[in-house]
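Please go over the structures that come below.
Two complexes come next, and they have one chain in common, subunit A, joined by subunit B in the first and subunit C in the second.
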Partner chain A sequence: MRVGIPHAGNIYIPLRTIFKELGTELVVPPPSTRRTLDLGVRYAPEGTCLPFKLTLGNLIEACELGADSVLQAGGIGICRLSYYAKVQKQILHDLGYDIEMLTFDVSQNKLVGLLQLIKRVSNNSPWSKIISAFHFGLAKLAALDNIEKVIHKVRAVELEKGTANKIFKESIKAIDELSEHAALKKITTEYIEKLGQMAKDDRADPLKVGIIGEIFVVLDPFSNMDLEVELGKLGVEVKRSLFFSQWTKFSLFLNSLGIDEWKRVHKAAMPYLKRDVGGDGWESVGEKVLHAKEYDGIIHVAPFTCMPETVAQNIMPSTKEDIPVLTILCDEQMAKPGMLTRLEAFVDLLKFRRRRPKLTSGTRGNRENLSWH
Partner chain B sequence: MKTYLGIDVGSVTTKLALLDQDNQLITANYLHTQGKPIAVIQEGLKQIERQMPPNAEICGVATTGSARYLAGVIMGADLVKNEITTQAIATMHYIPNVRTVIEIGGQDSKIIIIRDGIVTDFGMNTVCAAGTGSFLDHQASRLNVGIEEFGQRALKSKMPVRIAGRCTVFAESDMIHKQQMGHQTEDILYGLCQALARNYLNNVALGKEIQPPVVFQGGVAFNQGMVKALEENLNTQIIVPPHHEVLGAIGAALLVHEETDINGNKTQFRGFSTSEAKYHTSAFECKACPNQCEIIQLSLNGKVLARWGGRCDLWERTATSHKDL
Partner chain C sequence: MTTRVGIPRALLYYQYYPMWQAFFEEFGVETAISPPTTKDIVTSGCSRTVAETCLPVKIFCGHVLSLADKCDYMFIPVIRSMGKNAYNCSKLLGLPDITKAVIPESPPILDIEIDANKSKYSLYRAIYSLGRHFTKNPLRIEKATKKAWKIYLAYRQKMSSEGLMPTQITDKMCDKRHQVDLAENDSPPLLNIAVIGHPYLIYDDYINHRLITQVQAMGAKVLTPEMVSEQALDAAMTSLVGNPRWTYEADVVGAGGYYLQTKVDGIIGLAAFACGPDSMMMNIIQRRARQLKAPFLYLTLDEHTAEGGMLTRLEAFLDMVKRRKRGQSCA
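And then the complex of A and B:
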């Protein structure tokens, strides 16, 4: 089997590790580029969301490299994601790629389903081998996310702009290529120390901006046009709670033990939204409420036409917890200069606000929700 | 005399404003960009040089508008600032108690919400140019009405026609239809103003809390018809501030004045000889990855000053200080 995968941030790294350990060929398509998006846009239904178009482009590029089967997330009752696999399979067949669609169910039976899927594509490898490969893959994911958490802080205060990003790229490459599980911890510590030793502006008290929204566009830098890097250039420290490693930790393991990482967030959202609305909409509302006091501002990132996030976007202005929110809708029409103008203006707004934190005349939250029209 | 220069290079027009140390406007210029930002910046500089008092010295330069980075490199700007912030700063300078700013320019429109002297919210159109200056310009010439007399003639309307303003294509076909039905040009002109005011309030201003004092600025604020249409729609008085068409440039100058006062830095301004320099831009396609970004390169006397347009930082390079030349 030659299994093709779509991209979503760094998710290819754990997958590559798991497949390599098991001796199954994985076809990682080239990183998402303009061409990937053009391909996706050309063959996807017009009104569908950016993650659908972009992952379709990835799968087409994987097929061009000879994939005979492709992996895609699916499930029931989530959002449009539940029909991604079915529709993309049909589109790939229409294009003449006679592939098998392997669907990883992210709504139920997650851990067992995933392990069974791996067992099947790895030509019935023994469970012991699968578990150890799986463990290694997830450890890499966690290591990358731990480094990224440090990156978020360092980018804002580094003296020579771009240094942290360079180290981040090196660390991604090193961890991707690493084949010894035992060496992972050492490498991770080395990079974190390297970041710690960088020349930084120690007196800076950077603005703290929370990034919330739909998980794919939040975690995929191509989709959000390097939002976090741009914020770093503007001297802003990024705060986010969405990480793939956090998702796997809870969704695959802890949720089944009754531990729900979003419980606090859902509780915070309750006065304004009492139920799941699909995707990450409920969480977006909750995160705004929860972090209103902690952060200077929030950037809400969502795919254009995403229903769960559109629901969240429209509820957010009415919360009494007051914090400026800038919504950025991502789609193939998005242009970087327009985004930068808004980011710069938003950062100015937050700076002015910090200088004069006490707003009088009963300013309420609904005046502080910005949107990308 | 110390002076501060602000330049706002927009898609349709370029504005320059020179302030003295008391932030009084000495002179301002309003030019058409005509797709040639470099040439128009140089022309604007020449005009400023002629209009400057003999003892004046430029102590700070700031750029804003959609070509702010390009203009910043050419001028040797001390500050490059987005147009939302500069507009807000300048409006608060003239109308300190302002709570809502409506700005309609050549290709974009914005709303800025201000409370107690700080910007608390803003919005900006991206999806559609309906209701911006370029569209009004185009329709005026199609109706054979000079853009300068558009507003005055629209005010003469007694029975404005209802025009679909959601989209420029529909608005245009609707207008042609009304013309063919025999409606008066005045009624069509004012109908268009009403349609554009509705479109603005339903798109850019959607969900924003518009509170008086409401200030209307940008090139389109010259149009008395638009002022009246907004007043009717919002049921409140609309203030068109002084120098409303150059407020972005004034805001940039105000900010650079404040900044140089705080940090005491000397200006990086390349001097008025910039207006004679031979700048050259060229473009090439980067082949480093399949993104195939179009990289724009700005050079002076064969030396590359700046490159931009890439998704990554591969080609980015700026040399804004005079020493590097």
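And then the complex of A and C:
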């Protein structure tokens, strides 16, 4: 079996590890490029969202490399994700790729379903082997996210811009290639120390900007046009609570024990949005409310026509908790210069606001909710 | 003075108005319906919501605005789910909260949540919490609910057995002035054209530029999803996509599948720009129609859609269908 996967940030690293340990061939398509997106746009229904188009492009490129089955997330839910697999399978069939669609259910029976899926594609490997491979994969994901959390802080204050990114890229490569579980911890600490020893501006008190929104575009740098890197260049510290490792930790394990990482966020959203609207819409509203005092500003990232985030976008300006919000909608029409101009303007606004805090307390309401289009 | 509950003439109105009306009537509560969509309603709705919101929700907000000072409560139920594991679109789930956020001057919103995946008890509680605004007597609430449900079933039955559209029934109920005259033509129609899509697009004459009337004027009989029984819709949907994932999927996938099976002469798929579910579901029907070589016209509506452009496409489509039919009958 040659299994093709779509890209979503760094998710290919744990998958590659798991499949390698089990001896199944995984077809990782080339990193998303303009071509990937063009392929997706050409064959996807025009009204679908960016993640659909981009992952379709990835899957087509994986098929070109000879994948005979593809993996896609799915499940029961409110957002369009529940239909991705069905429609993408039809599109790939119509293009002449006779593939098998493997669906990973992200809504229910998550852990068991995923393990069973791995068992199937790995030609019935023994459970002990699957669990140790799975553990290793998740550990890599967690290590990457731990490094990224440090990167978020360092990027804003590094003296020589771009150093942190270089180290981050090195660490991704090293962790991706690592084949011994025992060495993972050492490598992670090494890179974190390396980041700690970098030349930094110690007096700087960088602006803190929260990144909220739809999980795919938040975590996929190609989709959001390296938003976090660009913010780093502008000397802004990024804060976010969405991480793949956090999702796996809670959704696969702790949620079934009754521990809900979003409880605080949902409670904060309650006065403005009373129920789950699918995707990450409820969390977006809650995070804005919750972090209004801690952060200088919030950037809300979502795919164009995203159903849950459109609800959040409508509700956010009405909250009592006041903080500037910049909504960036990602689609195939987006161009980097336009985004950079808006980021610069937003960061200038935040600097101005910090210098003259009295101007913005309360009375000005929500005039600072900016929107992309 | 009697209490007045406002019901915007948008979204779920077309499916459930007779049921809601019967329910509120039991408590002696008057229902106030917003007028049919006008340009002002669309413009005012668009001015409140963010630009990326879909057209039906923008129009809904316009209707709420037009009712805001004419009633004591605004009735905006949340239909989370009507069947196992099938959920509604995010915007319909967030509708009361969106309304509250963008229209702060709206009267208190009555929102109840209907979820078929939860227990029957939670359904009773939801309905009771709605009825409690008008009476403290649970028996009266129960009676009203039963009556309303009966009316809904009769309404659905009447549409599918007599081939009626919702507006032909509801318009008689709520507004005598606005009666669509659909007197049957004596000569048998040349073509059978199915119009599939959500009721709030098919039956809102303003946003679809009187599509149904236009198609009828071109000599075709119009068939809509409501003219098919729920069982037939479900069966067609299951054979096409398996278990549905969205609550009102039957309007699109079910109706599309059904009319493809019954071999109507052509199908017009009506979708709103930026509608999430439609972008996927219409594509499934479109692909199926292509496989069966059945004529299919996909119309996307937004607030900028001009009547002229739409008419040209309709005429071209119907001409094509007519020619095709003539060709088939010759051969």
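Structure notes:
The rule is short, and it goes like this: the second predicted complex is superposed on the first by the 367 of 373 C-alpha atoms of A that agree within 3 Å, B and C clash if a C-alpha of one lies under 4 Å from a C-alpha of the other, contacts with A are read in each partner's own complex, and residues count from 1 in each chain.
Definition applied: a residue touches a chain if its C-beta (ideal position, glycine included) is under 8 Å from a C-beta of that chain, and two chains touch if they have at least 3 such contacts.
Remember, it's a predicted structure, so these values are computed and weren't measured experimentally.
Because the two structures share subunit A, they can be overlaid on it, and in that overlay subunit B and subunit C fit beside each other without clashing. In the superposed model, A:Gly162 makes contact with subunit B only, not with subunit C. Applying the stated contact rule after C-alpha superposition, one finds that A:Thr48 touches subunit C and leaves subunit B untouched. When the shared chain is aligned, subunit B and subunit C each come close enough to touch A:Pro317.
Applying the stated contact rule after C-alpha superposition, one finds that A:Glu180 touches neither subunit B nor subunit C.
Taking the C-alpha centre of subunit A as the vertex, the lines to the centres of subunit B and subunit C open to an angle of 80 degrees, rounded to the nearest 10. By the document's definition of touching, of the two partners only subunit B reaches A:Glu344; subunit C does not. Within the superposed three-chain model, A:Phe352 lies in touch with subunit B and out of touch with subunit C [touch as defined at top].
In the superposition on chain A, A:Asp94 contacts subunit C only, with no contact to subunit B. Here the smallest spacing between CA atoms of subunit B and those of subunit C, following superposition, is 6 Å. Comparing which residues of subunit A touch subunit B with which touch subunit C, the overlap comprises 317, 371, 373.
Residue ranges of subunit C in contact with subunit A, taken from their complex: 49-54, 78, 80, 85, 87-91, 93-94, 96-98, 100-102, 104, 111, 113, 241, 245, 271, 273-284, 286-287, 300.
Residue ranges on subunit A touching subunit B, taken from their complex, read 30-31, 33-36, 162, 225-226, 317, 324, 333, 335-338, 340-342, 344-345, 348-349, 352-353, 356, 359-361, 363, 366-373.
Across the complex, subunit A meets subunit C through its residues 45-49, 76-80, 82-83, 86-87, 90, 94, 272-279, 281, 304-308, 310-311, 313-315, 317-318, 327, 329, 371, 373. Listing the residues of subunit B that touch subunit A in their complex gives 66, 81-85, 113, 115-127, 203-204, 206-209, 289-293, 311, 313.
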